[in-house]
Structures are given as C-alpha cells and as structure tokens.
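Shared between the two complexes below is chain A, which has chain B as its partner in the first and chain C in the second.
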Partner chain A sequence: MKQYLSFFRIRFQTGLQYRTAAIAGISTQFVWGGMEILMFKAFYEASPGAFPMSFEALTSYVWLQQAFLALFMPWFWDAEIFKAISDGNISYELCRPAGLYEMWFTKNMAIRLSKAVLRCFPVLIAAVFLPAPYGIMLPGDIQGTVLFLLSMLLAFGVVVAFSMLIYISVFFTISGQGIKMISSCLAEFLSGAVIPLPFMPDGLRQLAEFLPFASMQNAPLRIYSGDIAGAAAWQVIALQLFWLVFMCAAGKLLMHRALKQVVVQGG
Partner chain B sequence: MKLYLHYLSIHVRSAMEYKTSFILTALGQFLVSFNVFLGVFFMMERFNNVKCFTYSEILLCFSTVLISFSLAECFFRGFDMFPSMIGNGEFDRILVRPRNTVFQVLASKIELTRIGRLFQAFIMLGYGIIKSGIKWDFLRVLTLVLMIVGGITVFAGLFIIFAGLCFFTLEGLEVMNIFTDGAREYGKYPVSVYGKTVLTICSYIVPFALFQYYPFLYLIGRDVPVWYCALPVLTAMFLIPSCLIWRLGMKKYQSTGS
Partner chain C sequence: MITVEHLCKTFRTANRSAGLSSALKSLFHREYKEIKALDDISFTIPDGEMVGYIGPNGAGKSSTIKVLSGILTPDKGECLINGRVPWKERREHVRDIGVVFGQRSQLWWDVPVIDSFELLKDIYKIPQNAYRDRKEELTELLKLGDILRTSTRQLSLGQRMRCEIAASLLHNPKILFLDEPTIGLDAVSKIAVRGFVQELNKKYNTTVILTTHDMQDIEALTNRIMLIGKGRLLLDGSLEEFKALAGENESLDELVARLYCQYHI
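Then we have the complex of A and B:
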C-alpha cells in the first residue's frame, strides 16, 4: 500500500507543476461553460415545456462538468503507458515490486486529480457568485451532498477503471490508436459530456443510463442538481459500484492473461 | 504556387506512407465531430427550432463553419504548430532560405487527416441544401462560397496571430484556442443563439458573425438587406492585424538558441 501512496504522491506533485497550462484550462472552461449555458438558454426559451430538467439543474450540471473536467474527460490518455507497452519499457515496470494494475491505476488517478485540483476552484467559486439561474446552486441538504460526494468518488473510479481496460487492450493489439479513439468518442457521448442524458430521446436514454458510461459524470452531476434524488440516487450509486467492481475485476483478469503471454520485442 | 503544389504532393505522399495511421486519424476526426452532430440532432429533435432556426438551417450553418475550419486547419496547420517550430530552432532554418517566411511556415505542414471532418461537413451541407427549401440563384450560391472563404480567412488570421504572438512568448498560448476551438465547437448554431453580447463580440472583435451569421440570414431568405451577402469579404480586413503582429514578431525575434 505504501508504495502506491508514494507513486500517487510523485505523480500528483508533478501534475501540480503545470500551472500555466492550468490557467489556460481555467479560462477555456469559463468560456465553454458560459457558451454552453447561453445555448441551452436559447433552447429553453424556444420551448420550456420540452426541457427535460430544470434550468437551474442544467446550469449546475454545466459548471460542475467544466470544473471537474479533468476527472472525467474520456479522451485523456497517459501516453507513457501506451509507449511502455509498445516499446518494451514494460519490462522495467514489471520488475518493480508492485502490482502493475494497481500501479497504473494510482498513477492515472493522481494525474487526473492533480489537474482537477488546479482547475476546479476558480471555476466553482466564480460559478457560485453568478446571478441566480446562471450560476451553480448550493447543495440542498446534507443527505444530497453526501450522496453526491459518494457518487463523485465512484464515477472517478469508473472512469479510471474504464481507461485501464483500454490500456490493457493494447497488450493484445500493440497499436492503441483505433480503440482509443472509438472508446473515447463513445464514452464522451454516452456519459453525457456532449448533452446531458435527459436530453436524449427515449429508448436511447434508457439504454444509455444502464451502460457503464452513465456511471461516469452523468451520475454525480445529476445527483448534485437534484435531477436524480432519493431512492433513484441510491439505485444509480449501486449501479456505479457494480460497474466499478466489474471493470476492475475484468481489468485485473485481462492484465493477468496479457502478462502471461507478454512478448517484449527487442529494443 | 508551383512550389506549394510540390510541397503538397510531398505531404500527400508522406501521409500515404502510413496508411493505417492516416485512415484511423481521419476516422477519429470524423467521430469527434459526429458526436457534436448527434448533440445537435437530438437537441433539434426535441425542440424543433431555436431562435426560429430550423434543423436544416442549423445544419447549413454548422456545415459551413466546419468546412471552413477543417480547410483552414488543414492548410494553415503550420502556424498552429509554430510554437514547437520556434522551440526546436526549426524557424532559424527557415530564415536562411531565400523564400518568404509566411509561405514556408504555411507549406511546412499540411494536415490531410482533416478530411474526415470535411467529409461529415459536406454530408450535412448536402442535407441542409436539400431540406432547407432555399430557392437557389446565382447570388445565393455566391453567398455560400463567400461564407466558406470568409471562414477560412478568419481562422487563418487567428492561426497567424497565435503564431505571431509566439515570437514574444516563445511558447504556445493555449488560451488562444478559445477562439479557434470555441468557434468550431459553438459555431454549430448561428451566433445570435448565444445572445446579444456574444453577437456583438463576434461582429466587431473577432469577426465570426461576418461569415457565419449575417450572410447566413440572407442565404436562408430572412428579411435582411442584400448587402449582407457581401459581408464575408470584410473578413479580409482581419488579416491586416494578424500580418502586422507577424511582422512585429519577426522584427523582435531572437532565436531560442537550440
């Protein structure tokens, strides 16, 4: 456990060094959030009745999404891992006295978390001070907040566990380009990064809500805004837990298989 | 021009050396913008219209922005990659060659993988043209062409500005991506959708509305003066400040020494 913690610390601290990049990120997130909300406002004005969630819930969703982008962005990959697999550096990693799966998992968590820590606060603080329907609403009750935090944690885990599956698949395919692309596009759309899931048509929406992608940003963001509450929230969290356990187990199993037959090609 | 064609053929041939990689990247470009399209599709299906624009009209607007952005990114990618060019001293090599610097940076990179995005844009354009019921006459076709050319001009101007600023900062200014990526991302809806403030900014500061909004109104037959269709021509003025910044930067340029 100790070695993973220090792994986490090293990665986390390296990530914190990139401050200029973070400033660029923050300003982008502001503009994106603002434009997104203005866009939804136009649709809201077109026909409020067709709006599947309350406008305040939507704005909170958008701001949280922008603030915690780094935790949930499905198109972010650790290039080092792909490189290690294809150029044979994996053999060094295998010499370390730590489980490869756990090591990569913590590494990924640390990178995403360091990015998020640098970026989330300015966005959140500004969003709190924006006038009523456009800003982020404060969390309602204690129960909702606890559920939100729990769901956030699980969503983060699901995102990392999912990307682990993709990393591991590269053991079998060597080039990760294709699978990386398709999986991040699928995950982006089905996790509600393009439009929140409630805006999707019936049928697709029900299907999407059951898929693991809905256990990513969709779950905590909608729980926060009260779009999912009470018993439904518990159900969503249970589903998140299921996908997390399932994907970790699948990942470990696949990794075990892959490492049995790993061939380091010279280099 | 002949030299540029020669560069072009080199880039095409080098891209074809790695066919799988080329196809996959192009497919990736397609998929990413396909996600955006799906978003628009589901929103329009639910709401039918936004600020009185119908689905087919939105697609027309979206496709012109996407076409101009892809073409600009395809041919002006050299300026986009300029920070690394300065950083690794590649630019010093350009300076010693007896050709115009802008031309050489322009020709240094041609990103053909943008064809994936272009492909999607043309499909949407086709659909928009068929479904929107526009009565096409010569002036309207001209407007459409002008919109696309104007779009390429604005994006090219932006790329040159970023590159010009790199002379001063010596590193990439990621903040600037707000304008290019933002326009690609949010140009899917006519600018007026985002309200008055955004429309003003996009008319007078960064002239997105000049090619995306005003001529578009004329194109879809809204009640606007005919001269709106000539507005994309004005985007050429945007090249003046961008070239000035480039010149200024060139004068100040000291090599990074690597």
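Then we have the complex of A and C:
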C-alpha cells in the first residue's frame, strides 16, 4: 500500500507545480459555467413548468460541475500511458514489483486530484457569493452532505476505472485515437456533462441513468442539489458502487490478459 | 543462476507492398509474415558471470532480455532465474533484477532525480538504512553528488545514464541487465560506466548481462560472449576463444562484421 501512496504523492506534487495552467483553467470554468447558466435561464424563462429541475438546483449543479471538472471530465487522458504502451516505455513499469493496474489507477487519481485542488476553491467561493438564484446553494442537511461526499468519491473512482478500460484497450489496438474520441463523446453526453440527465427525453433518460456514465458526475451533483434524495440517493450510490467494482474487476482481468500477450513495441 | 532452455518466440506482422491497390487489397486480405524473434535458445549463466550478448539489430537480443526480465511471455521453452519463472512470478522476480534500457528512461522527467530515487525506495520497499547507505555508495561511485537535485529533463545524456544505472541498482539486485547502456555516450562517460560495472561485479558478485554494439564495452567488461542472429544462438564461448577467431590485424569490430556476413545474419 505504501508504494502506491508514494506513487500518488510524487504525481500529486508534480501536478501542483503547474500554476499557470490552473489559472487558465479557473477562468475557463467561470466563463463556461456562466454561459451555461445564462443558456438554461433562457429555457427556464420560456417555460418554467417544463423545466425538470428547480433553477437553483441547476445552478448548483453547474457550479459544482465546473469546480470539480478535473475529477469528472471524461475527456481527460494521461498521454504518458498511451505513449508508454505504443512506444514500449512500459518495459520499465513492468520491471517494478507492483501491480500495473494499481500504479496507473493511483497515477490517474493523483493527476486529477492535484488539478481539482488547485481549481475548485476559487470557483466554489465565488459561486457561494453570487446572488440567488445564480450562485450555489449551501448544502441542506448533514445527511445530504454525507451522501454527496460519498457519492462524489465513488463517482471519482468510476471515472478513473472507466479510463483505465480505455488505456488497457490500447494494448490490443496500439493507437488510442479512435476509442479515445468515441468514449469521450459518449461519456461526456451520458454522464450529464453537457446537459443534466433529467433534461433528456423519457426512455433515453431511464437508460442513461442505469449506464455506468450516470454513476460519474450525474450522481453526486444531483444529490447535492437535492434533485435525488433519501432512498433514491442510496439506490444511486449502490449502483455507483456496483459499477466501480465491476469496472475495476473488468479492468484487472483485461490487463491480465493483455500482459500475457503483450508485445512490447520497439527494440 | 539463470537457465534457459529451448526458448521460442514468434511475432506475426502484417505485410503489404507499396501502393494504393495493395493498400486496398490488404483491407480484405492480410498477409502475415511470421518472424522468429527467438528460435530455440538455450544457455546457462552462473552467478557472478559477466556475459556479452551481441548480434545485429533485430537479432533477438532485446526479446531475450524482455523474456528474462518477465516482460515478455515466450511461446515455448523454459526459463528459470534463481528458481523462478520470470513471466509467471513477475513481481517476486523483478525484486532480484535491475534493468537498464539505454534507449528509455525510468526517471520521472519533471522532478529532481532524488525524488525518483525516493519513489523507487518505496516501490521496492527498501529499508531506510539500507537505502541511505546504498544511495551514498552509488552517489560516490557514479559521481552523482551535484546532479541529484536537478530535475531529469535538465540532465545531459551522460549524466542521465549514470542516474539511470544508479536507479536500477538501488534495491541491490543480484542480476543486472544492461541493454545498450553506453549508446550515445561520450568517451569519458563510457569509461565511467564500464569502471562502475566492473566494480559492482567485483564487490557484490552481481551477474551482468550486457547487450551492446560497442565491442570495447564487451572487451572491457565481459568474460563470455554469446552471439545471436535471426533468433538463433550461434556462438557461445569465452572472450579468449572469441578473440582467437580473429585473423591477424583484424579488430574485434571487423571480426564481428565478418561473422555476421558468414552466418548471413
């Protein structure tokens, strides 16, 4: 365990040194969040009755999404891993007395977390001070907050476990180009990163809510805004846990098979 | 102790001729060519021996190293290193070996070298005292004192290679694989690396397997030479026996070139 912790630490520390990237990220997130809220405001004013969430719940959803983008963005990939597989630098990682799946999982968590730590506070603080209904609601009760934190942790795990599957697929395809693009688009849309899932038409919405992508940002953000509460929240969390375990198991199995037949590229 | 028996590994590559029509044809029908990277290789290396593993590019040197270090699973054959099958017990096996791939880097390029060392300490679970002593020893022998606090990306190739070698030896492995460790190094760095490997072998009786195209490396370091070509082991003997093959005024480089021609490899 200690080896993975150290691995986490070195990646986390490295991530923290990129200040300029963080400042650029924060300003993007402000502008993006603001634009989204203005767009939804137009819809809301056109017909408040057809709006599936309360407007305050929606703005909280958007600001949290922007603050914790780095934890949940499904289009973020660790280029080093793709490169290591396709040019054979993975040789060195395979010469370590540690599990490759665990090392990559830790590394991905560390990169995302270091980005999130640098970016989340300015966005959260500013959003708290924005006037209602444009800002972020403070959490209602303790139970809701605990559920939200739990769900956020699981969502983070699901995102990383999902990207692990994509990394591992590159052992079989050599290039990650295609699968990266398709999985980014699918996951982005179905996890509620473009529009929250309640805005989707019936049928598609029920399907999307069951898929692993809904266990990403959709779950914690809707629990925070109170759109999912009580027993429904526990159900969502159970589903998240299921997908996390399922995807980790699938990833480890695939990794095991990939390493059996791996051809380390290059001399 | 390393024993290798009848090791075979075949790679399948898709081939096609140049041009659009063959590109289109290959969409429907692929022609595969089988390349025997390792073809019935057998050898035994006792503890403490320094072996030079030579052969032209693509002969199977790296494939052998990859099998021995547990990265590549062979199709057929057996391999036992200190009682373990490398690809079956990879994690336990790699604790006992150190590997330097001359053309790759194991140091994290955007942090100081010392951070990479500390991380390797935790990955290999090296006790604090052992790590400190080992680090001091390596720092002295490889003259790393001034460069440990520099980040890897700012090092020259020679400096980096010295750090790479130190990184591979922090856990005091019994066996060291050096895959072209002097590639691209200047004369001073080459000599420093050779001197260090000799010292290491003398002091810890470390088994060293060295692949290189530099015959001076071979002459300076090894007492046994294995020549491989097209996946087959062609020669296996002592450095003296090998030198005896050379004609008058024939340098080792010329001898090797002549042998490559002779064996059509």
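Here, the second predicted complex is superposed on the first by the 267 of 267 C-alpha atoms of A that agree within 3 Å, B and C clash if a C-alpha of one lies under 4 Å from a C-alpha of the other, contacts with A are read in each partner's own complex, and residues count from 1 in each chain.
Just so we're on the same page, a residue touches a chain if its C-beta (ideal position, glycine included) is under 8 Å from a C-beta of that chain, and two chains touch if they have at least 3 such contacts.
Computed from a predicted model, the values in this text were never measured in an experiment.
By the document's definition of touching, of the two partners only chain C reaches A:Asn89; chain B does not. After overlaying the two complexes on the shared chain, residue contacts for A:Ser27 are found with chain B alone; chain C is out of touch. Of the two partner chains placed by the overlay, only chain B lies in contact with A:Met39; chain C stays clear of it. By the touch criterion defined above, A:Pro97 reaches chain C but does not reach chain B.
Legend: residue contacts after superposition of the two complexes on their common chain; A:Pro201 is shown touching chain B, with no touch to chain C. Once chain A of one complex is fitted onto chain A of the other, the partner contacts of A:Ser47 are limited to chain B, with no touch recorded for chain C. Contacts of A:Leu138 after superposition: neither chain B nor chain C is touched.
Taking chain A as the reference, the larger set of touched residues comes from B, when chain B and chain C are compared. When both complexes are overlaid on chain A, the residue A:Gly178 reaches chain B alone and has no touch with chain C.
Within chain A, no residue touches chain B in one complex and chain C in the other. Those residues of chain A that touch chain B in the complex are listed here as 20-21, 23-25, 27-28, 31-32, 35, 38-39, 41-43, 45-47, 50, 52, 175, 177-178, 181-182, 185, 188-189, 194-195, 199-201. Contact residues on chain A toward chain C in their complex (touch as defined above): 2-3, 5-7, 10, 13-14, 17, 88-89, 91-92, 94-99, 260-264, 266-267. Listing the residues of chain B that touch chain A in their complex gives 20-21, 24-25, 27-28, 31-32, 34-36, 38-39, 42-43, 45-51, 173-175, 177-178, 181-182, 185-186, 189, 193-195, 198. Taken in their complex, chain C has these residues touching chain A: 11, 57-58, 62, 66, 69-73, 90-92, 94-95, 97, 99, 101, 103-106, 108, 110-111, 115-116, 118-119, 122-125.
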